[in-house]
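Chains here go by letter, A, B and C, matching the order in which they are written, and residues are numbered from 1 within each.
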Amino acid sequence: MSDEMEQPETGEESLFDAPPMGEQERMVEAVLFASAEPVSVAELAERLPHGSDPAEALVHLRKRYEGRGVRLVRVGDGWAMRTAPDLGFLMQKESVETRKLSRAAIETLAIIAYHQPVTRAEIEEIRGVSVSRGTIDLLIEMEWIRFGRRRMTPGRPVTFVVTQEFLDHFGLESARDLPGLKELRAAGLLESRPPPGAMPGPGTEEPEEEAREGQSELFED
Amino acid sequence: MSDEMEQPETGEESLFDAPPMGEQERMVEAVLFASAEPVSVAELAERLPHGSDPAEALVHLRKRYEGRGVRLVRVGDGWAMRTAPDLGFLMQKESVETRKLSRAAIETLAIIAYHQPVTRAEIEEIRGVSVSRGTIDLLIEMEWIRFGRRRMTPGRPVTFVVTQEFLDHFGLESARDLPGLKELRAAGLLESRPPPGAMPGPGTEEPEEEAREGQSELFED
Amino acid sequence: MAEDDFRSDALSVSERLAAEALIVDVDGFEGPLDLLLTLSRTQKVDLRRVSVLQLAEQYLAFIEKARHLRIELAADYLVMAAWLAFLKSRLLLPPEPGDEGPSGEEMAAHLAFQLERLAAMREAAARLMARDRKGRDFFARGAPETVTRKREVRYQATLLDLMQAYARIRTRDEFRPFVMDREAIMTMEQALERMRPLIGYAGEWTDLTAYLPEGWQRDPARRRSAMAASFAASLELARAGLIEIEQRETFAPIRIRKARQ
């Protein structure tokens, strides 16, 4: 087995020969097995011998693990090995006590996932209430959301998007696979419709907050 | 996917036959994969449904992984999954030291990210203390900052900008997406949790902090 | 119980009880939209067919009741109440000719849309949280092997660290807005502008340093710049015949006074 790796020494040309596909599959298997985080195809290509085709190796590997206790799953741009969800009951020992998220945090997370990229004002518009301090903070800290591009509208507000860790946690291949996304879009419920005339907006910040913000404005570029 | 969760509870199932050997093998596979420590046969027997034969399942599993990128190995009186030794080169395991970036470095980095392109003199102006060469060198070495265009002012000082590597590390699409002060506050990042070590009083750096940074900050006033 | 506050003819006993439970639970609501959504459930129809008019009345009754029980409601709730009262009048009265703004129907439709969207997001959130989740239903490698590039000493810093560092710097007390350092430079124009109105009062010989503005006297760099600018300005003023300058000896204080006409 390990002899195969010594082959390249025999001739210059073989330096550029990729290992056989079976061997590449083993390598991808080893790398993904060793990592708790998803690994992208680009990263795999970087680590495998020159000329390898990790994308193809992944196809083979995925098939090999079908129906096993461990599966090969896609997470955003990455690939990862995860235990089969039907065996969760065996894992009490491993399961981590997840922090109980507040209703506000869960809703904010869902709104970001389904409406991304979304600004804070839009989240507030949808929930009809201002986003409490610390909610965004918490979601960033859990690495479930991150900052996206700024919106090209007046004030260039920052937007929020979900992360690969979010996809990984909820077992999603991509944000397109969010449950019910298509139906929601078809029903027009993911549009941001401007309210006709003056609707009461989500809560203006508490006055003391206003004052503090006012001051900080002075310091902004 | 989640439908599979409807499986009967372990307790109930024990009234009936043990799951088929193929299923037991899957279970052992998942448990060994997810476990941080080697797992003994006795422990496996405890975790698998009543009447299971983990020793036999291990034999099957071991055979299944023969010649693969991952192997089933015995460690003490437990069993564990390990990457095949001939693929160790893919892991390039070296002693890694994780260090927290010094306060001087993180502040310098933050200023470069928010003000780029920025000259060293400008960084010092904003930080209120001089920036040591070591700090800049470290950030360059980490590939988080690089030289930008020279400033067209007397002395033509070099400027610093952040790199793609920086953006990747911090999960940003561009440095322009960094939130402003107002947004930091809105997200609860400013007041809600004072940074470790609290806010420095006007002008004074905490002396112990200076001392800790010691060597790399030899050149600080 | 001020049951008459509710339109008891329109609401059944169970609905009334439900509405009263709402009052008790007022802290449990996440804002007026949330409350409206809960109220709309009592209509027991598809959200798309909800009667906005009835909903407005239910909401107003709720507010009235809360007021009666002296429950403090956040301003948001009262703003919504005012808006719903307005909406109600628009829905009930025929539009006056020349009326500006959206029709009652448009406003009602938007409110219905908001409620439907909020309900949808809530349901989506529930479905999301009910998924198989990492660390509960499926698991990552328990004993990951660290993979590193050879050169690395890994320094850790998170985005939070970065932003907090920045916030820390930018909120220091001595912070002043960053401009390419013009802080320590005074131009002759600035000095002229400052001195012109002042020299009218300088009948007596006055030391030039007295004209340095507040905040420019201590810091050496700023003092130097202000001094140079003020001196240049005084030469300019002298050339225009507005002042006289004198210096008794080398390095003695430079003094100026208003020119005597």
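In this section, a contact is a pair of C-beta atoms (placed from the backbone, for glycine too) under 8 Å apart; a residue touches a chain by one contact, two chains touch by 3 or more.
In this text the structure is predicted, and so the values were computed from the model without any measurement.
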| item | value |
| --- | --- |
| Greatest separation from chain C - chain, by CA centre | B |
| Per-chain CA centroid nearest to the all-protein CA mean | A |
| CA centroid of chain B to CA centroid of chain C, Å | 34 |
| Chain A and chain C, separation of their C-alpha mean positions in angstrom | 30 |
| Intercentroid distance (Cα basis), chain B paired with chain A, Å | 15 |
| Chain C, residues touching no fewer than two other chains | 131-132, 137, 139-142, 145, 147, 159-160, 170-171, 178 |
| Multi-partner residues of chain A (at least 2 other chains) | 31, 33-34, 47, 81, 83-85, 87-88, 91, 94, 140, 146-147, 171, 216, 219, 221 |
| Residues of chain C defined as touching chain B within the complex | 130-132, 137, 139-143, 145-150, 152-174, 178, 180-181 |
| In the complex, chain A residues that touch chain C | 31, 33-37, 47, 80-85, 87-88, 91, 94-96, 98, 103-104, 106-107, 109-111, 113-114, 126-129, 140-141, 146-147, 168-172, 178-180, 184, 187, 189, 193, 195-197, 199-200, 202-204, 216, 218-219, 221 |
| Residue numbers on chain B that touch chain A, as the complex places them | 1-2, 4-5, 7, 9-10, 25-31, 33-36, 47-48, 67-70, 81, 83-87, 89-92, 171-174, 176-183, 185-189, 191-193 |
| Partner chain B, residues of chain A touching it in the complex | 1-2, 5, 25-31, 33-34, 47-48, 67-70, 81, 83-91, 93-94, 120, 132-137, 140, 146-150, 157-158, 163, 171, 212-213, 216-217, 219-221 |
| Residue numbers on chain C that touch chain A, as the complex places them | 30-34, 74-76, 79-80, 82-83, 101-102, 106-107, 110-111, 113-114, 116-118, 120-125, 127-129, 131-142, 144-145, 147, 159-160, 170-171, 175, 177-178 |
